[in-house]
Structures are given as C-alpha cells and as structure tokens.
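Chains here go by letter, A, B, C and D, matching the order in which they are written, and residues are numbered from 1 within each.
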C-alpha cells in the first residue's frame, strides 16, 4: 500500500464498471460511452504509475490514448449514424444478421 | 558499364510498366509513343554497346548481377554478356522492333486496347533481349519462355474471335513440345558439364573433344527439337501459319524477324557443341532443307497474303537451319539478318495493303470482302505506290535477285550446302525456285492487273507512321547484303570476321559465279512464269491456274495434310483417352473424394456455427472471459511479477 | 491555510467584477446601438438610465419560473448553470493588472489550454437547454449552437497556437511580457495580424453574436434555445453571454493588445488596471458596432466560412509563424 | 495522505457514482452527462497526480470535443430514449454472467494491487509542464506522434465517407 494504490484501485473499479456496462447495455451509443470509460480508467492508471516511477512516459501514453479515442469516436459515431439510418435504431442485438 | 548492359532490357520494361499502369488513361497514341521511344532508347544503347564490343579486344563484354540460383553444384548467376553475336541480334531486335513499334501506332489506331498491345510489345522486346543477352542457357531459357508468352498473348490479341484465341493456344501448345526437349537438353548439359554458363560449357565441351560425342549428339538433337518448336521446323511448324491471326506488326516482329529466329540463334550460339556432333549436324541439315522445301511448296498455292508470307518464313527458317546443319554459321546468321529486314518489310507492307483494303469498310461501315485474300486485290500499285515499291523490293530480295540482300545470303547457304550435303542442296535449290515463283505470283496478284473487288478499287495509301518504317526497312532490304560480300568485293566478309570470336574463323569464299548465275536465271524464269500464269486471273472467283497440277496442287493447298494428320494421329487418341478418364476415373474416384471432403467440412462447420451468434455483446463477453482466465493463470502460476 | 481568505477575497472580487461588467455591458450596448440607429435607448431609470440594469435584474428575479410540461426537468434546470460556470471560470486565468493580487492563475503553464477547455465546455449549457425544453425551435437552436461552437473552436485554437508560438509559452503572464518591447509595435495584433483577425471573428462566432447569431435568430427560431426560458433562468443565459463577451474581450486584450501594458505603467497597478479596462472596453464597443452594422450569415455559409476559410488560413498562419521563428526573422525571435 | 487524500476520496466517490450512474441510466443523454462528470473528476485526479497538462487536455479533448460529439449525435438521432424492446431469450444469461465476470476482474485487480505492487515511490516530482511533454513528443516519441496524426487524418476521412449521403 503506497500512495499510488488508491488510484489503481479506483482505476480498476471504473474499468470493471465500464466492462460490465459494455456487456449489458444494448444501445450502441451506450456501449461506446462505456468503452470511453474503460479507456479513461486505463489512462488514470497510466498517470498514477507515471507519478510513482517518476517518468513522463505514462503521461505521454495517455496523450496517445486520447488521440486514439478521438479517432475512434469520430469513426464510431459516424458508423452509428450510418447504422441508425439503415436500421432506424441503435440496438446492437438487431445487428446480429448481416442482411436486412 | 555494368548497368549500361542492363539498360536495353530495363527501358522497354519500364515502358511496359508505365503503359500497364497508365495506358488506359493516356490513350493508345501516347502509349504507342512511350513504347516506341523506349525501344528507340534501347536501340541507342545497343549501338553504344555494339561500339564498346567492337572496341574490346575480346569482342565481348559481360556483367554479373549476383547469384540467381545456388543449389549445391548448380550456380547460375544473373549473368549477361554482349558479344559479337548478341550485339548483332540486339541491333536487329531493337532496330526493327523500333520501326515496327512506330508502324504499330498507325496500324493499331482506333483499337481501344492499343495500350495493352504496346505493353505486350515492350515486354516482348525486353524478353527477346534477355534471351540474346543471357550468359547462360538457363537465363536464355527464361527469355525463351517469356517471348513464347508474348507470342501467345499477341497472337490471341483479338481473342474475342475464337479462331484467334485457338491460334494462340495452338502456338503455345506446340511450342511446349519443343520446350520439353529444350529443358531435357539443358538438364543433360548440366549433367554432363556441371554448369549452364556458356563459357564453362563450351570450354569443357572443347576439352572433351570426341570423348563426349554420343552425349553431345543427344544434347544437340534435344536443343534442335527445342529450336524446331520456336523456329517452326518440321514437324512442329504448324503453329506459325495460324499465328498470322495476330496483328500484322506482331507477325512482322515476332513471327518473321525476331522470335522465330531464336532457335537459329540458339543453334549458332551452341556451335561449339554442334561441331562435335556430326550426326546431329546431318539431321539438322536434312530437316532444315526439308522444312524449306515443304513450306515453300505450301506457299505456292495460298490465297491469304499473310499465309503466303508465313510459309515463306518457315521456308526461309529452313534455309537458316540447313545452313547451320552444313556448318555455315556465318551464312546462317547472315541470312537471319537479311531475312529479318526483308521479311519484316514484306509483312509490314502486307499490313499496309490490308489496311488499305479495309479502308472502304471503315469509311462506309459496310462489311467488305476478306481484306487478306489476294483474290480480292489486284491493281493496288496505282492506289498505294509506296507500299507497292517497298513490297516489290522486299519480294525481290526474298526471291534472291541481285544485288538485293537476299541474294547474297541465300547464295552463301546454297553454296555451302552444295559442298557439304547434296540432298540438302537439291531441296534448297528447288525451294529457291518455288520462292521466286510465289513471290512473283503474290506481287502480280496484289499490285498488278485490275482491281477484283470494290475494296481494292477504293484502297488508299497508309499514313506516314506506317510508310516511314517501310521505307527504312526497304533501304536495309536493298543494302543489307553489303555486310558480308564474297571474297573479291570491297569490304568482303565483314560479318564473318565480326562473328569469328563466336563461331570461329571461316575462310572467305569467292562468289560461285556459275551457281549464282544459274539460280538467278531460274528465279527470273519462275517470276516470269508466275506473271504469265496469273495474267489471266481476272476476277475474284477465277480458278487458280495451278489446279491443273491435280493432286500436286491439293498437297500444296492443303499444306501437306499436316493438320489432318495431326488430328488423326495425336488429337483423336488424346481425346479418347481423356474422355475415358473423365467418365470413369473422374466421376468415380476423384469426385467421390472431393465430395466427401466437402461434406465433412459442411458437417463440421454446421456444428461450429453455433458459436457464431452474431451478437456483438456475446463476443465481448467471451473476450472478457478470456481476459479473466489469463489473469487467473498468471496469478496462479506466479508469472505476474 | 493562510491564503485561503485571500483566495476567497480574490474570487469574490472577480465575480463581482464580472457581474457588474455584464450588467453595465447591457446598458452600454443598448445605448450605443440606439445612438447608431438614431434612437435614444433606455434613459428613464436613474441618470442616463444607469439604473436600468438593476431594475431589470430585480424584475427577472421576481418573475414566475415556468417549466414546460414535457421538458426534462433536471436538465432544464441544470442547463443555465452549465452555461454560466465556464463563462465565469474564464476570468480565473486573465491577469487584469500587473499586481499579483489581480492575477489568479494567469501564470499557469496551461492557462491558454484552460481557456480552450472552458470555451469547449460552454456548449453544453446551450445544447442541453435546447434539448431539454422539448421545443422544436429550442432544439434546432441548441443543435446549431453546438455545431457552430465546435466548428469555430478549431480555428480559434489554431489562432492561439500562433500566439503561443510567438510567446514560447502558454502562460498569460509570459504572453503579456513578450509584448513589451517598449512600444505598441510589440503587440501581437501588429506581429500576428492574421491570428488576431481569426481570433476576433471566431470569438464572435463562439459568442453567437451578430453576424453569427443564428442560434437565436428570432425571425426563424423565435429565441432559439432560450425560447422556453424565463425569469432567473433566462437571466442566467443572458448573463453567461455577456460575461463571455467581456471575457473574450479581455482575452483579446491579453493575447493581442498587450494586456495591462501601456506608457509609464511601471509597477503601478492602478495604471495597469486602467489601461486594461480601456482596451477591454474598446473591444466591447467594436463588438457592439459590428452588431449594429453587419447582417446575419446564412447557416451553410457560416459553416463554409469556418471550415473552408478560417481553418485553412489559421493552419497556414501557424506554419508561417513557425517558419518565421525558425528563420529568426526580426520581430519573431 | 492528509488534505490531498481527502480531496482524492471526495473526487473518487463522485467519479464512482458518476460511472455507476452512467452504466445504469436509462436515458442515453443522462449517461453522457454522468460520463462528463466522471471525466471531470478524472481531470481533477490528474491534477493531484502532477499532470496539469493532461488535466486540461482531458477537459479539452474528452469534455470539450468527444462528449460534445456524443451529445450531439444523441440529440440528432433522438436516440436517448429508444424503445426497450423485448430482450432476446438466448441473451438471458448475458447480464448475470457479465456482472459476475466484472466482479471477478475487480477482485483480481485488487488482489494484484495489494499483493504485487512494488512500493517504490519516486523521490522527486517529474517536470510535466507542457514544455517537457512537447519535448518528449517531438523527441523520442516523434514517430508515434506522426502515426497518431495519420490515424486522426484517416479517422477524419472515414467519418466523412461514412456519413455522406449517396
């Protein structure tokens, strides 16, 4: 138990909440937001470890994760909009077959 | 220096890549220009290399570009060499090739697939150069196969007509037979000499002398069968007349001037081996002479303007092969050169004639008569003066009228045969008379008399891109003989001296005046006879005056029934065997196995398919399970440190 | 914590400054526009109508608070606050004079980024207000606002990148110091005219002020996202707008007009404060002037301007600035 | 510990509450707002963890850009309150299993944290100013940085292509 531990625990908790939410929600947007929460939890762990080890690399990783998240959101939301147009809804369970 | 050697090959290759990538966008004319410029540049570099070879005491420059194949004893480098022989070939390939590229721009105008045509042509030039510049039998074989591929692609260029596609296939299959023998020859060479590089093979063959005569006979005969496939010798020549289905520039470049001479080149290149295999030499001489005779005889009665030239080409190739067979390598190569000039000229001029004949059909949109059938022509000299003049010059060169190129080279071969092999001499002499006759017949039917169809009446002269190559080639057809004049003329036997490092020094022979006189007289008489006979051929449906010969006519016009014989002897039994296999073996054995495998896969996948629910969330759940399981494993095993 | 009181005092002071600034801004605007349009404007309450804002504030406080029946009550209630908080937060990083007392967090290395963060979050108030009102005009107004603010924020950020490049730091204090070579030529409006122009235009768009006021274009959307709002909640939106106006003017002053600098300013915080106020006031007057002069943009043209003109120009400006700095051109090193 | 820990505790509780709220909320827009709150809390934690640049970047990128997009899309699609629809029979076990696995994951993580984390704190704080981060980005991390820029470009093009109407 050192001063990083609470942060890691919080990170793990947020990550688990996000994971469970991804697997139980059916709205694609919701799933997407849950993924963002998981990414964010991972970021928190990165920053906490960066402080513990006195190295900047963890913070830089967060920077890149943010970049990836931004790209992911741009494409993902575009996909959701496209799916919504085609299916009139964003329930992922409705996407279980490839044909209409 | 090293890279300079590769440039003649690389530039057309680059041209090909550019056209392959952008040809569709830049259009046929631009693609043609690119291809032509590429070959012209290649020609320029070939000239430079020629000069370098001339300046080198050893008359050869070479370059290795690292190892290619290295398996235990076999060591084949990417070796290229330019010596007297290959430098000469390079000039022909790129020089005539360049002119034909230029001609093609005009000839292919309006064809939507022109860019692809030039892609193939450039690839052909690069492949042919690889063939002649290779420093080993194996690399030569690569070029050999590549030109075969190009030939196939170009014969079948207008593949939408099933006949053209079939012609391409026929050429390919027949060539395969020769290639099998060639490969066997290569294997035997490697087995005997432990190498495939020219230098080593020839050196060892020289050292073995008579000890290896038996093996050398087999090797050279195998190589000869390969050459017979490529150079259209008996009994493998059947593909060449059909190959006329391709565009005319292709006939001129590939099936007259260059590719078909690859076999001759290969034989001349292997002269060291041949010299130690007298029996093979005999066979080669007889087969060559027989081919010359058979094809020359078939050419007598053909109606298709290109078919006549195709049989003529086979016949002349027979001359060259016979020349090799009687040991007159220089004469053979000499004839190869002059023949390249005047036969390319004849083909291109014939193409110009065809183009002119198609003019009316293109203009009016009506379907014209067969533009290649000489019965529909006549009187074209007034419409196409340039084409007429150049065709006549080429034809007379082919017929062996002095002082045109063909006279000198043909005479040398006949003179050599007269000394060495009386049978070959007799056949070749007879063929020379046939040659003059069908040339006379063709010239008269096409250009003289009255037009026998509306198409012929409305024919027009072709565009400058087509006539300029004609004029250039005509100049060569006239003057080509100067490079190897007999003893006593100024600059005598230049080619013989030039090739000496490759084929050995041959003595300068004086002109055999009696022989030459007799053959010139015979040729003139044959031409006159042809003119006399066909003077009365007035309309397209007239009967050939030669039909009076009865069965002799039939044998000629049916091309010795060779296609029929092949069909009965080879194709029919083959089909019978195939259909037996298809009905019994295929259905029962192979299909059973294949269907069983398919059924097995279906059943297994039906079981596995249950896993794929299509629900993204389920997949996510499985992923999480995996993550948890992996963590458990790490924690239990204590790896997570 | 010894300085807790000080922090509290400062915070309250800034809050009061922002709020009075907002109140009197409305008065100034109405009077100036009236003059420009040959009217008189509010002049009844107090001398020259100076007490007009007070009267209106009182009136709005006592108005009945109405919530539409189908509205999402919680969000409807939350939205005005979400609009005001980022606006006021902007003042945290603006140094209004050369004394440390008037400088809350201007020395932070991340002050400029903080500005961008706050401007980015300011969208929520508007967007959520539009959505929660359950009213078509409001929804469209809210969506328009969100799209507009996102679009123009990019060009705005890029214009600030040029400024940060010039200063070599994202701290407000350093930015002001770098504009102090002794005369007006040091101001970034002279050395970075393109960035200044882009910042000015995008600031107008961020504020959704004329000519970019499509968010509340009364002819087509009645009052846009505020349609359903009344009373104190309306007052909060109104406040957030004017506070942001003041804040962005102050930012323009800091970034391009040398902040509190001026002749003889030395260590005198009074002079600094006066200079700063004058500059901010000038900016505000320009905004009012623009509103009185220019007609409204069409929506597609607004988007085209933001994405196809301002953004590329701003990008080019950044590249050019970097180039000038690397080459060491006088005035850029 | 001390005052900093108190701040951490307060923020962490809010963050957890927001996360749970996001996961449970029936209304997608509320979920988005909870998530924004969570991100804001994490930004505060970054401040505590000596990462001021990341804290501001977190607000700018996540709150100011990503979540605005989410809210925007939710509002445009009107997807905040989609009809629940009947849950599929074959998915009935999904929910409890997911919950169980999540708890298991948490237990594992906690176990690792308590047993395996080496307690070696750096003695001095690192320089995490924008300048230092910039130097690292354009120094040892230049290649990933450029790759990230290409990724963003690709995402931009992808989004435009995906949402374009034929």
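Keep this in mind: contacts are C-beta pairs under 8 Å (C-beta built on N, C-alpha and C of every residue); 3 or more make two chains touch, one makes a residue touch a chain.
Treat the numbers as computed from the prediction; the structure is a model and nothing was measured.
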Quick check on this structure: which chain has its C-alpha centroid closest to the centroid of all protein C-alpha atoms?
A
Once you find the CA centre of chain A and the CA centre of chain C, what distance in Å lies between them?
33
Can you compute the centre-to-centre distance for chain A and chain D, using the mean CA position of each chain? Integer Å is fine.
6
CA centroid of chain A to CA centroid of chain B, Å:
67
Would you mind pulling out the distance in Å between where the CA atoms of chain B average out and where those of chain D do?
71
Where in chain A do residues touch two or more other chains at once?
19, 23-24, 26, 93
Per-residue multi-chain contacts in chain C, two or more chains
none
In chain D, the residues touching two or more other chains are 53, 57, 65, 69, 76, 88, 91, 94, 98, 101-102, 105
Name the shape of the chain contact graph, picking from line, ring, star, complete and other.
other
Can you give me every chain pair that touches, using the contact definition above?
A-B, A-D, B-D, C-D
Once bound in the complex, which stretches of chain D touch chain A?
1, 5, 8, 12, 15-16, 19-20, 22-23, 28, 31-32, 35, 38-39, 42, 45-46, 49-51, 53-54, 57-58, 61-62, 65-66, 69-70, 73-74, 76-77, 79, 82, 85, 88, 91, 94-95, 98-99, 101-103, 105-106, 109-110, 113-114, 117, 119-128, 132-133, 136-137, 141, 144, 148, 151-152, 154-156, 158-160, 162-163
The residues of chain B that touch chain A in their complex are 613-617, 620-621, 624
Chain C residues touching chain D in their complex are 72, 75, 108-110, 113-114, 116-117, 119-121, 123-124, 127-128, 130-131, 139, 142-143, 146-147, 150, 153, 169-170
Which bits of chain A are touching chain B when the two form their complex?
19, 22-24, 26, 31, 92-93, 95-97
Across the complex, what residues on chain D touch chain C?
29, 33, 36, 52-53, 55-57, 59-60, 63-65, 68-69, 71-72, 75-76, 129-131
